[in-house]
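The structure under discussion appears below in the form of C-alpha cells.
The letters A, B and C name the chains in turn, as written, and every chain counts its residues from 1.
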Amino acid sequence: MLEAQDLAARRGTSQLYEGLSFSVRDGVALVVTGANGRGKTTLLRALAGLSEPAAGTIRLDGEAVRPFAAILRRAVAFAGHAAALKDELTARENLASLAALAGADPSPADIDAALDRVALGPKRSLPARVLYQGQRRRIGLARLALVRRRLWILDEPVTALDAEGTALLAGMLDAHLAGGGMAVAATHAPLAVDRSRIASLSLD
Amino acid sequence: MGARDSDDHDGGGTDAFAWALRRDLAIALRTRSELAVQLLFYAIVVTLFPLATTPERNLLSTMGPGVLWVAALLAALLSLPRMFALDQADGSLEQMALSPWPLPAIVSGKIAAHWLVTGLPVVLLSPIAALQYGLDGTAIAVLVAGLALGTPVLSLIGAIGAALTLGVRGGGSLLALLVLPLYVPVLIFGAGAVDAVRGGLAVDANLSLLGAGLIVAALGAPFAAAAAVRIALD
Amino acid sequence: MAINWYHYASPATFHPLAGRLAAAFAWLAAALTAAGLWIGFVVAPTDATQGEAYRIIFIHVPTAWMAMFIYLVMAFWSALALGFNTRLSAMMAQSLAPTGALMALLALWTGAFWGRPTWGTYWAWDARMTSTLILLFLYLGVIALRNAIDDPRRADKACAVLTLVGAVNVPIIYFSVRWWNTLHQGASVSLTSAPKMATIMLTGMLVMTFACWFWCIAVALWRVQAIILERERGAGWVAALPAVRET
C-alpha cells in the first residue's frame, strides 16, 4: 500500500498543491488528473522517490520513505515523459539495458518475446533513432512488463500511443492490477481498465 | 537528502559498474566523431602554444610539460558537460537513479567509460605531442605515466562538476569555473614530475602523489557525483 | 542548561536573534578595529627592515586568515545542511560565501600592495598568495553555482556538495602549491616556534584578526537575515514584521 500524507509542492513561491493525502491499495490504479501546471508530474516524481516533497510524508507498506530510498527503488517502475532510450542502441539493446538497470535479468528470448508482445518484433534490430514516438513508447511498455515492479508510476502513458498501443497498455495494466500491483498514472485520456480498480485524484 | 541512507548495502556494485561501462562505451563507439573531436582539440591546443610564443627548442622543452598538461586539462573539460547531460535529456539518468543498484557504482562506470573515451586517447597521443616540444625519452615516459595517473582524476573530479551543473544556466562555462581550480594539484604534480626528471631529480614523489590522488578521487568522487546527480533530478 | 537547537534552527526564530547578534558583533568589531588600527599605526614601531610598509600586515594577515577560516565554517554549515537537511544551515553557508570571497580579495589586494615595496613586484607567485587566489576562485565558483540555479533548495544542496568537495581539496591545493613553490617567506606567525615579530605587532595583528572575525560574523548575520526574508516572503511571520507592515 502506498500512502501520501499532507503532501505539498511549490514552484518558486507559488503553491502547486498542499495538504494532499491519499492511499493506493494493492490492485488499484490511482488516476491523477488536473490542468497543465497543477503539479501532476511533480506529484508523480515525488511518489517515485525522485524528488523530495516540499512537505508531507510518503509511506510504502507503512514505512516512511525518503527520496531514492532502497525499498522504493526496488518497488517502483517509473515511466516519465522521456522513454530513456539511447538513439545509438537498437530497440533490443535498449530494452535489455533498461531491464538490467532495473535489476531484472531477462534472457535474449525473454527480450524478444517482450518486443513481440508490443508488436515491435520486426523492429528489434533498428536503432532507436529511427523509431517513431509511438514505437519508442512501446519499448517503455515492454520494459514495464519485463521488470516486474509492484508500483507503476506512469506520466501521461497514452501520449503518442495509437489505439492499438493504448489497448496494449490497458491490457498490461489490467493484468498488473489483477496480480496485486499498484499504479499511479497522470493522464488526460481515460484508461480502459476495470472501473472497480480505478481511484481518481484531481489536482484542480 | 537521503543520498547516503539508502545506498551501499544493496550489493550489485560490480554489476552496476560493468553495466554503465559497457553501455557508455557502446554508445561512444557508435558516435566515433566525438572521440576524434576530443583528440583533435588536444592536438590543436598543443600546436597553438609554439605559434603564440616561439619555436625555439630550449624554451619549448621548458614549457612543454606545462603546456601538454594544460592542454590535457582543457581537453578533459571539453567533454565533461556531456557526461550526464545526454542521459538526463533522454530520461536515462532518472532510471539510473531509480535503479536498485547503488548509484555511485553506476556513476563510477560512467566515469571509467568517460576516461577510456576521452582521457586514454590523450595519454596515447601525448608522446607525439611531446616530440613536438623536444622532450627526450625519459621525460616522455614520465609525462605518459603522469597523464595515465592524472587524467582519470580529471574525469573523476569533473564528474562532480558535470553533475552539479546539470541543466543549469550557462552550464558549460560554469563547469569550467567549478572544476579548473580543483584540477590545480593534478596539474602541479603531473607537470612537476616531468620538470623533475628534466632537472635530473627523482620523480617518484610526484607520481606517488598523483597515485594517491587517484585513489582518493576514485573512492570519494563517485559518491559526491552521485549525490549531485540526485540533487539535479530533484 | 539544555539549549533547544532546533528552536533556533527555525528561520522565524532565528531572524530576530540574528539581528541582535549582528548588531552586537558589529559594535565589537568597530571597537576592536579602532584599537587594532591605533596599535598598528601609532603604537607599533617602524620595522627595521621593511620600514612603514609592513603595517599592511595588520589588514593583510587577518583577511588572509579569515579567507581560509570562512571556507571551513562554510563547509561546516554545508555538512550540516546535507546531513540534517536544515534550511538555516544552508542559508548560513550561502551568506558566508560573499564575505569569504571579499576576504580573499582583500588579502590578495593588500598582499600585492605589500609585495610592491617588499619584493619589488605586485605579484610574485608566492605560494600563499597563489593558494589564496585559488581559494578566491573556489568562492566565486560556489557563488556562481548558487546564482545559476533558480530553485533555492536545489541550489542549497548543490552548493553544499561543491563546498565540501572544495574543503577536501583546499588542504591538497595548499600543499601542492607550496610544493610547487617552496620559495616563500616562512610563516610569520607560528604557534610552535618563537614569534619573530615584536609582541606589540603580534598584539595588533591579533586584535585586528578578532575585529575582522567579528565584522565577518556581523555581515554574515545581516546577510542571512536578508536571505531568510527573501526565502520566506510568503510566510505569515514575515508579513507580520513591523518593517514589512509599514510598506
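The criterion applied here is as follows: contacts are C-beta pairs under 8 Å (C-beta built on N, C-alpha and C of every residue); 3 or more make two chains touch, one makes a residue touch a chain.
Computed from a prediction, not measured in an experiment: that's the story for all the values here.
Peer 1: Report the chain ID whose CA centroid sits closest to the centroid of the full protein CA set.
Peer 2: B
Peer 1: Can you tell me which chain lies farthest from chain B, using the average of the Cα atoms as each chain's centre?
Peer 2: Here the answer is chain A, farthest from chain B.
Peer 1: Distance from the CA centroid of chain A to that of chain B, rounded to the nearest Å?
Peer 2: The mean C-alpha positions of chain A and chain B differ by 36 Å.
Peer 1: Can you work out the whole-Å distance between the CA centroids of chain A and chain C?
Peer 2: 48
Peer 1: In whole angstrom, how far does the Cα centroid of chain B sit from the Cα centroid of chain C?
Peer 2: The computed centroid separation for chain B versus chain C comes out at 32 Å.
Peer 1: Specify, in ascending order, the residues of chain C that touch 2 or more different other chains.
Peer 2: 153, in rising order.
Peer 1: At which residue positions does chain A touch at least two other chains?
Peer 2: As it turns out, chain A has residues touching two or more other chains at 52.
Peer 1: Can you pull out the residues of chain B that are in contact with at least two other chains?
Peer 2: 1, 3, 234
Peer 1: Quick check on the complex: what are the chain B residues that touch chain C?
Peer 2: Within the complex, chain B contacts chain C at residues 1, 3, 157, 160, 164-165, 168-171, 174, 177-178, 180-182, 184-185, 188-189, 192, 209, 213, 220, 224, 227-228, 231-232, 234.
Peer 1: Could you pull out which chain B residues touch chain A in their complex?
Peer 2: That would be residues 1-3, 5-7, 9-10, 12, 15, 19, 23, 26-27, 30-31, 89-92, 94-101, 103, 106, 230, 233-234 of chain B.
Peer 1: Which part of chain C faces chain B closely enough to touch in the complex?
Peer 2: Result: residues 82, 85, 134, 137-138, 140-141, 144-145, 148-149, 153-154, 157-158, 161-162, 164-166, 168-169, 172-173, 175-177, 179-180 of chain C touch chain B.
Peer 1: Please name which positions on chain A make contact with chain B in the complex.
Peer 2: Touching chain B from chain A are residues 48-52, 66-70, 73-74, 76, 78, 80-89, 93, 97-98, 100-103.
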